[in-house]
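Below is one structure, written out as structure tokens, with a few remarks after it.
Just so it is clear, A, B, C and D label the chains in written order, and each chain counts residues from 1 on its own.
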Amino acid sequence: MKLGFSDMEEAFRRECASWLDEQMAGEFADIRGIANLVDKPERRKAWERRLAEHRYSCIGWPIAWGGRDATLNEQVIFAEEYARAGAPNRLNHMGVELLGPTLLALGSSEQKARFLPAIAEGTAIWCQGYSEPGAGSDLAAIRTRARRDGDEWVIEGQKIWTSLAQFADMIFVLARTEDGTRGREGLSFLLVDLDQPGIEIRPIRQINGEAEFNEVFFDGARCPVENMVGAEGEGWTVSTTLLSFERGISTLGQQMQFRNELDAVIAAAKHNGKAADPVFRQRLAEAEIGLRLMRYGALRMLAGGKGGALAGAALTYKIQWASWRRALGELAMDVLGQEGEVAPADAEGWPLLANLYLYSRADTIYGGTNQIQRNLIAERGLGLPREPRGNA
Amino acid sequence: MKLGFSDMEEAFRRECASWLDEQMAGEFADIRGIANLVDKPERRKAWERRLAEHRYSCIGWPIAWGGRDATLNEQVIFAEEYARAGAPNRLNHMGVELLGPTLLALGSSEQKARFLPAIAEGTAIWCQGYSEPGAGSDLAAIRTRARRDGDEWVIEGQKIWTSLAQFADMIFVLARTEDGTRGREGLSFLLVDLDQPGIEIRPIRQINGEAEFNEVFFDGARCPVENMVGAEGEGWTVSTTLLSFERGISTLGQQMQFRNELDAVIAAAKHNGKAADPVFRQRLAEAEIGLRLMRYGALRMLAGGKGGALAGAALTYKIQWASWRRALGELAMDVLGQEGEVAPADAEGWPLLANLYLYSRADTIYGGTNQIQRNLIAERGLGLPREPRGNA
Amino acid sequence: MAFALDEQQQMIAETAAAFFAENAGGERTRAAMASGIDRDLWRAYCRELGFGGLTVPEDLGGAGLGHVELAVVAEQAGRTLAAIPLLGHAMATAALLASDDRAAIDAHLPAMMAGDRSVAAGERGGEGLLVPHAAQCDLLLLLGEGGAHLIDASAATVEPLKSLDETRPLARVHASAGDPLPGGAAPCEAARAAGVLCLAAEALGGAQEALDRTVAFAKEREQFGRPVGSFQAYKHRLANRTVEIEQARSAVWWAACALDEGHETRALALHAAKSFCADTYLRVAGDMIQLHGGIGFTWEHDAHLFFKRARAIANMLGDGPHHRERVARIMLDDAA
Amino acid sequence: MAFALDEQQQMIAETAAAFFAENAGGERTRAAMASGIDRDLWRAYCRELGFGGLTVPEDLGGAGLGHVELAVVAEQAGRTLAAIPLLGHAMATAALLASDDRAAIDAHLPAMMAGDRSVAAGERGGEGLLVPHAAQCDLLLLLGEGGAHLIDASAATVEPLKSLDETRPLARVHASAGDPLPGGAAPCEAARAAGVLCLAAEALGGAQEALDRTVAFAKEREQFGRPVGSFQAYKHRLANRTVEIEQARSAVWWAACALDEGHETRALALHAAKSFCADTYLRVAGDMIQLHGGIGFTWEHDAHLFFKRARAIANMLGDGPHHRERVARIMLDDAA
């Protein structure tokens, strides 16, 4: 077991850091530090392309597909340096981290050739069509349907909580392709162009006043039959594979954002004197400990995840960071007091910490509520008996 | 709404206080302050009789049955003064507070005449035969059986977690009197003499090393048919009535014991300096607030409980005090640190606070675990759908 | 000792509940968010309902009622997120009465009772003075070590702010200290007590409503083929919140009663009520979001209104640690 | 960077697990409670298993391994509530090695490694000096501001006490300060670090075992016609504890690794590990009692052994607030 990195790895770190710093100080200074998914989409698309030009867009992918075949440690290093440099949240996270690895694992040669280059080059932005109204955390209750019409699938239905849909080019969709099926049966996994008449996107305004999520309506939307990943009816398996990539390297980058948030809370506490209050010191220490343990938990998860098995650490990670961040939001507001509740009357959006407070309420819900995560831990991790399902 | 008491009530308070103080300073000084249910049973039986001599044994009962027909406020006052004077936990709590009111409500004239005087006079100590191995919080799973044999019921089975059985004269037993029934059907409520060959009592040693609880084995134990309260098969209803008396006036006396425990924690904190530590001050304040709210919650419960309905306050009271006391035990140990973990090598039993720490772990279990209480609150109080039962 | 609402108090509770249920609520409050106060509602509260003088003695034209009645009414206002300046009103009424300053009473109280003059109240301290409704009200009541100052809003610099809780927006106030109300510390103490009680009661009402709505949702909404409210984790969460709300209600009643009777536990009760009720509201409103799932963090759903109101209440007139430290002083420091 | 046990470390973990599973456990520990130490087990641990010199350099006859291996072994000892003086042994070994005092090393280490001489260790401070196993061991290691003192138990007054955690009884020690081990603050720091790590790892192991047994019980025990482990509240409680145990494991590995590599986060890691693991153990052991129902608070059931051990660990070598305050100093106070 080892915490430190090798000399070669440290050299790679310096190389990444220097390139990233140069970009963030220079041409892309205007998008430095953007943590949300809605600001300046066009500039961020340019940034995706710039990453690709320097072969930094998907370093963990094989060299043949535009990556660097980077080792785990190199990926860790890049993720850390990326976040440290204040580079903006990746607009093409879904393509690079989720769909790409899924296609590499399960896609046909044609699908790889058709879709991977545009992701690697930063020219196709992807989003995810899983959740539906009435099927929030219950993916098996999906009602969006696709029926075969010649060489195409024709899709009817509605997805919800689709972040990035308003900027994305493509969406991967879990849809029911077999009439009369229910639950996990009869689902298929389709790659769909968003730019077509059968698709309408409506933003959902959130608790913080912004609209990151969307509803996506499918009314006769079409995709060619060769856009199905995996066999017909195997959509559940494909989506499970895809979700298994969610706890990957990108968690480390996300943690650097958490670090910035905690640092902002610490700065506020130092500014208004709460940093000297023993009661707040205990809570600040807990936050610090929690963040550090998240880091080492993620490193364990990465080190142990090779076998593909859902290790304990991977099962527990979502609930860990979501709960931590929600608690940080509460701590931030407790530290700031009333001053945390206000902004200049003409301000657009909220300052970092007020926004953290509000937005973190969504963290424990999307991507599987904390309740669902606890069920998974208990049933898959501990082998406790399944909750009885109803009759629906 | 009113917090204060009338002049007449305050006069009654002085009368009780003066008598109780005299007793506790004098003849019964040796049992002053006993909070458990196991120490000095013979002396405490004498104390029960002394209470009766001065008509203090069951003041809420009708005058005809040895009580004083005391008002609610008078009962509140007596309970408070009883505890303030350091009088020991009532050995005949079950008889006075639970069985007595049940017989007054549902007993036959003969049953009242036969059993109430001995309770009022302090000559019959009662205990409760509800829980069974494998039916801890699930009373409906009772397997103890009683079959009719001429003028008697003959009882076979086992009860567990029976406090006081080792000192008691009588036990009330919930037993299945109809073969082939399950759940709440076919249960009857029987009054059984403990002093007979068909009964064996084995103490259960607890986490604190003492044995307050017992197993009670029934192997051909008998009671006359006229000892059935309510009709045959109506035992569930009788036991529900009995349990509804559990959240009565005696809760206020119990709270005075909690007050003593909290005061001991405060004293320890002042002694070792933790009372000046802002972190501990927050927790001590929370404990103080919790205890006060318990008091006012109990007063609301008593004021609102006249209609016999399970008010919100009554449903929530058990979980409130049990959780509060468990947290107090933890606070006590945190305040004391290592010094809280030790006693002189030859000490019998544990000092007040270590014992509180250990024993309070049982509070959230017996009389319905916190889990069961939460189910009750959700299902009966909030009307949420029942948890599906299994097939057993 | 009789720790339950008496008949008259029960009637006032029912009247207030019916009034706010009919005239306030999410829709009305959202409509008032642009201007910050629902002025029609406030006028109706003061005049039609006649509660503008709820705690004003009868010889001054009021209803001559006490803190228990005030708490009962504030609970209902909180339940419906009513966008009215009840807090400042209650605090200023208490300050004026405690000052026994006939000139100030005659100058302000009748117009206040009629709903023609509104008051925003806040406490000095911290970096600047953040006062809820300061940009919307005619008078400002400013509490501080120098006493309680009741001034014309036009005599102060008031900077309106974008506020988390848009149902009761904050503004930054800069005002030079003139003469405080007479009566020494009494007006300040009375105002703070009334304010703390109002906030605690409002929190209780908000928490109760947030719980009730979540329970209703839990009975209807199905997931995994069952009503979500049949899942035990859901149930236990709501059960825990129920336990806390019951305690919060005890706290509000205790504090209100103790104030009316001048009971020795008065100070303790106020600190307990403010900290406990605010914490309870924060938890219930947070759970309201969580247990509604995705819909719970949309702008359209009311959950965020409760959530933000709860946060604002927690921060007003002393936060949880502040009030618990005060409790600690009373219970631990012999000099207290 | 490779944050997983390497092959050798994995082997040591398995060896230790098998050894303790075979030779320790509730029955053995209960049998040892009268005397306070399971001497046969300790001898077997030092000699047969050969772990007496686990962290002793090879040139001194040890295995030359580090803190990661120590943590891995202590975790297994904690899992089985092994009644052995591992804590004092690890602390004294660290202190001796850090002192670089050849005379002391030669005088004590070989006998310690062979299991012939046992050490009890404790920290000065508070009202008296409470030292676990002091009444059972040959040597006492006493840490304090004056340095680390390693003395003969016979040179001190040792008063055995009735202890909550009978699996590692405390005694009150009165000893006059002689010469400390040389090396300045180093022996003290090394001993404290080894001790804190041992306790954290032991807590991790205990918590894991308490969880595993509760999970096993939950699968078997039926109530209301279902395995109790099928109830969601039960599941979610165990899931929460699982999340915490995973974090506790990260904390132990981080601290062990940081110590071995002299990593800059070393101090932070130790404070984090001690406070987090002890808290986790307290919660899991408390839940073990609660979720077993009535049987869980009987003397016969092992739950109380875990529960009391958890409490003892929480209080040893600094409690939770102490360690969190140290974390706060590192992160908040620029002078730290």
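Just so it is clear, a contact is a pair of C-beta atoms (placed from the backbone, for glycine too) under 8 Å apart; a residue touches a chain by one contact, two chains touch by 3 or more.
Given the structure is predicted, the values throughout are model-derived calculations rather than measurements.
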{"item": "Most distant chain from subunit D by Cα centroid", "value": "C"}
{"item": "Pair sharing more residue contacts (C-beta pairs) when B-D is set against A-D", "value": "A-D"}
{"item": "Between subunit D and subunit C, distance of the C-alpha-averaged centres to the nearest whole Å", "value": "51"}
{"item": "Rounded Å distance, subunit B centre to subunit C centre (Cα mean)", "value": "39"}
{"item": "Touching two or more other chains - residue numbers and ranges from subunit C", "value": "226, 230-236, 321"}
{"item": "Residue list for subunit A, restricted to those that touch at least two other chains", "value": "277-279, 282, 371, 374, 387-388"}
{"item": "Contact set on subunit C toward subunit B in their complex", "value": "1-6, 9, 68, 215, 218-219, 226-227, 229-230, 232, 234-236, 238-240, 242-243, 246-247, 249-251, 253-254, 256-258, 261, 263, 265, 268-269, 272, 275-276, 321, 324-325, 327-328, 331-332"}
{"item": "Subunit D-touching residues of subunit C, taken from the complex the two chains share", "value": "231-233, 235-236"}
{"item": "In the complex, subunit B residues that touch subunit C", "value": "1-5, 9, 73, 76, 266, 269-270, 275, 278, 281-282, 284-286, 288-290, 292-293, 296-297, 299-300, 302-304, 312-313, 315-316, 319-320, 371, 373-375, 377-379, 381-388"}
{"item": "Residue ranges of subunit D in contact with subunit B within the complex", "value": "126-128, 130, 159-165, 170, 172, 222-226, 230-231, 233-234, 282, 286, 289-290, 293-294, 296-300, 303-304, 307, 311-312, 315-316, 319-321"}
{"item": "Touching residues (chain side subunit A, partner subunit B) in the complex", "value": "277-279, 282, 388"}
